[in-house]
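Handing you a structure now.
Chain nomenclature is as follows: A, B and C, assigned in order of appearance, with residue numbering initiated at 1 for each chain independently.
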Amino acid sequence: MTATVPALADVARTDAALRTFLHGLPGVDQVGVEARAAMLGTRSIKTTAKAWAIDLAIRMVDLTTLEGADTPGKIRALCAKARRPDPADPSCPAVAAVCVYPALVPTAAEALRGSGVHLASVATSFPSGQAPLDVRLADTRAAVEAGADEIDMVINRGAFLSGRYLEVFEEIVAVKEACGDAHLKVILETGELATYDNVRRASWLAMLAGGDFIKTSTGKVAPAATPAVTLVMLEAVRDFRAQTGRQVGVKPAGGIRTTKDAIKYLVLVNETAGDDWLHPDWFRFGASTLLNDLLMQRTKLATGRYEGPDYFTVD
Amino acid sequence: MPTDRLAVRKTYKLFIGGAFPRSESGRSYEIVSAGGEFLANAALASRKDVRDAVRSARGAVAAWSGATAYNRGQILYRIAEMLEGRRAQFAAEVRESEGVGKGAAEAIVDAAVDRWVWYAGWSDKLAQVYGNANPVAGPFFNLTVPEPTGVVGVVAPADSSLLGLVSVVAPVIVGGNTCVVLASPTRPLPAVTLTEVLATSDLPGGVVNLLTGQTAEMGPWLAGHMDVNAIDLTGVDDHALARDLEVAAAANLKRVRRPAAEDWAAEPALDRMLGFLEPKTVWHPKGV
Amino acid sequence: MFEYAPAPESRAIVDIRSSYGLFIDGQFTEGTGGRKTVNPATEEVLAEVTEAGETDVDAAVAAARRAYDEVWEPMRGAERAKYLYRIARIVQERARELAVLETLDNGKPIRESRDVDVPLVAAHFFYYAGWADKLRHAGFGPQPRPIGVAGQVIPWNFPLLMLAWKIAPALACGNTVVLKPAETTPLTALAFAEICQQADLPPGVVNIVTGGGDTGRLLVEHPDVDKVAFTGSTEVGRQIAKSVAGTRKRVTLELGGKAANIVFDDAPIDQAVEGIVNGIFFNQGHVCCAGSRLLVQESVAEELLDSLKRRMARLRVGDPLDKNTDIGAINSAAQLDRIRELSAAGDEEGAQRWSPPCELPERGFWFAPTIFTGVTQAHRIAREEIFGPVLSVLTFRTPAEAVEKANNTPYGLSAGVWSEKGSRILRIADQLRAGVVWANTFNKFDPTAPFGGYKESGYGREGGRQGLEAYLAH
């Protein structure tokens, strides 16, 4: 079973057909795409537009902890923060989701119950993905059964870089099947893909295989999300919808720490994919420290004075 | 001189597109030596000959400018070889035309041969000397290379019938231009003989086209021609005519080289070549 | 909807005087008026400037001659260099002020004056400063000499940048200058005069005379001017070429263009769309090297035009001082008339006009970004320079046809080519008869990269080592 639409149903028929399709996508000129991303980074978002963007960005955060040291206590604190990021201000929206390791999904599910905050789990032997497929699928099923409604999988970069596209495709299809009703975010780990051409190909591969979101990075590899990589992925989802009618979301993750950064990404979304993607259903930030900066800037806009970190909760 | 055999005289014709036509006007004019003796009837070219010559020069641009620099250098060197082989004939014609002594005439021919050799060597060095990489402040490959301007009108020096002619034609064609040359009106015979050398030197037809006749008659048509890219007025001695031709040249913004005092015996500078080259700058991003 | 709130740059940083005199021999003369310069975005009068007449131009040329003979030409190159470095630094120090002033007087978006014009001005002075004491290594002979007094006339599209392109190499080579800024955009040149004062540049080395076409003619035809440098229309360039005929004056001309921007079916399509947009809408299309003819391969034409239209719908037209504005005001009412007239010709000749929905301000001079499809080489809008935000779209089938159409123009300033195939790029770049070829990019400028045209786009180069030649005696 694949989620591909009829127009592109045949492209994953064979490894050769898939290769022909992916290599037939228009090239990406590195200098040009980076210049475009940098130019959009000069947009000046002020006053009412900034307030609107900050609230939207908060609603788009996948509040994330992916540490070996994570404990149920840490997860409960994170979930409390996700539900009510600014205890002093009830008008502050909740974040989109909490993102944790599979082992901590039961704790998070309990802590988020009834909140409307989604629960995402990384799976598929995150972050390397270097485990047998059946182990990765079991990992996925366990997370879903424990209450995750979003799965962040990693693609098999080794297979991708060695040109075994069909293998990558079939693995994504299998994980998607294991997800059941849970939404699948496909992590491309763009920092390991080396070129924007590869980012575009991997984006299409993930979308063709049924991914609901394409996500830049695990956060464990540098560079993580960059504006230019995200721009290429936004072009991909835009073009994919134009060709197939199916809308896919985008999630930059890793390295987005400031409100200024987050707003730059929202400008990218606005001026590349457009208004339809300016919603937590279609664009997310994978981040941890970003949230407090958003909250500080939000308060600054309201009070007109610069804020200090002592007034915002640690996770 | 033995008189038992009547010499076979040469008909001095035009040189257009590698062929030797008479003037389409059917006209000719008398060429006399420096001492005033009749030498020959040369073709008196008309505006239509100018037109035909420009058409032929334009047709030759693509192949000549597209030839490798090495190939152009070889052909210019071949011209020197052919000229050397007809040294005696040129010396005699220069002597008659310019009224110089035998030794001086031979020295002029030798210098003309050497000038072809000098310019031949420039063909594959111009881009290195006049072109360069540009270290722009960004991730771009950036290179400036000289390209030929295109079709160049050349008014050859009126006095220096061979060395002066070679000194104005060689720098134009070495860079890949083609040309329409108005030979010295009063001393055109070495020029016509030079075209016979050009015709046998593997120089593609149309690269050099040479017209004999009156500068004042042909000049305005050449200077005003909208398919000529540049004009060298070196041989225009009349200041008012030079100004008029420069004004006519402005119609399509030809590159103009104005008349100036010249010492044809001196080693040339680069400016005769550079004046008929267009630096082209190409940018390309550098990325993976 | 993500609506960007207004983000205007403050104009408090500039201090525009109500009236300006001329800058001659290191001093401002008393202003005598004669000409008003307006903000094209609002039609507000910014200042009154002096219309320089014959005696003014005589005085400026005399000051330049005196400075040439007595100070600047005899000065060691290393010392001239330091003055130019000083100027570059002061431009950097006053960058924000200059950017705002340029935007007010010209109508271009502050993003461009801030990020393109003014940084390039400083870079240009910095680059040529370094040449001043190295001229004998430039490849123009062992004893390079300046020419003398340069009369320079510049256009209104990049007022301060064109000033830098003219003055920096002239001064580096040891010439002195009299410069006339465009009649609609004199203010940054006058600010530059103050910069010369701040830099203690010897009086007379730079003289600025304001005025219209008559002032320019007086300068170009002045008998004591040795070198004429002009950037502007091909028509005026032709007049200048005629007027200097038979004189000793050296001339360089940087004139009009009708550049082809060629997009092959294997182009990096998203970057090509950016390049097309940048090529024609940068600076409202008031760019001589604008990519005003899009030549797109038929097999991708429809897809490309869809992308282009979607992208154009994102262009932000409006207040030039707003930091988010992409397209500012047309520089003058006269230019707006010309754009309208040629666009109307496009309609009449059967091309299809398209503009994204956009609200134009009521006051000021505005023209929506526009493309015409169904254009052929026979249309006026494919042949004549519009000098505005209007793109003519043509198609081609083969590389040979692309080159033939691209070169089928009396102009030859610039060209663009988009393809991911390296050998095709290089071959097409060879065949294009244009002084600048941008491959997989467009409208890039750098002080080290020579710029200038073939054919009726003028002669001579500005920028780079080749840019020195225009200011050195043969």
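Here, contacts are C-beta pairs under 8 Å (C-beta built on N, C-alpha and C of every residue); 3 or more make two chains touch, one makes a residue touch a chain.
The structure displayed is predicted, hence computed values, not measured ones.
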> Does A-C or B-C have more contacting C-beta pairs?
Replying inline: B-C
> Using the mean of all protein Cα atoms as the middle point, what chain has its own Cα mean nearest that point?
Replying inline: C
>> Farthest chain from chain A, going by mean C-alpha coordinates, please.
In response: B
> Once you find the CA centre of chain A and the CA centre of chain B, what distance in Å lies between them?
Replying inline: 69
>> Using Cα averages as centroids, what's the distance between chain A and chain C in whole Å?
In response: 44
>> From the mean C-alpha coordinate of chain B to that of chain C, what's the distance rounded to whole Å?
In response: 37
> Tell me, which residues of chain A touch at least two other chains?
Replying inline: 29, 31-32
> In chain C, which residues are in touch with two or more of the other chains?
Replying inline: 440-441
> Do you know which chain B residues sit against two or more other chains?
Replying inline: 138, 140, 285
> For chain A, which residues are in contact with chain C within the complex?
Replying inline: 26-29, 31-33, 35-36, 42-50, 52-53, 235, 266-267, 270-271, 275, 278
> In the complex of these two chains, what residues of chain B are touching chain A?
Replying inline: 138-140, 285-288
> How about chain C: which of its residues touch chain B in the complex?
Replying inline: 123, 139, 141, 234, 237-239, 241-242, 245-246, 253, 255, 410, 425, 429, 433-441, 444, 446, 448-452, 454-456, 458-459, 461, 464-466, 469, 474
> Which positions of chain A touch chain B when the two form their complex?
Replying inline: 29-32, 34, 194-195
> For the complex, which residues does chain C have touching chain A?
Replying inline: 1-7, 111, 115, 266-271, 274-275, 314, 323-324, 420, 440-441
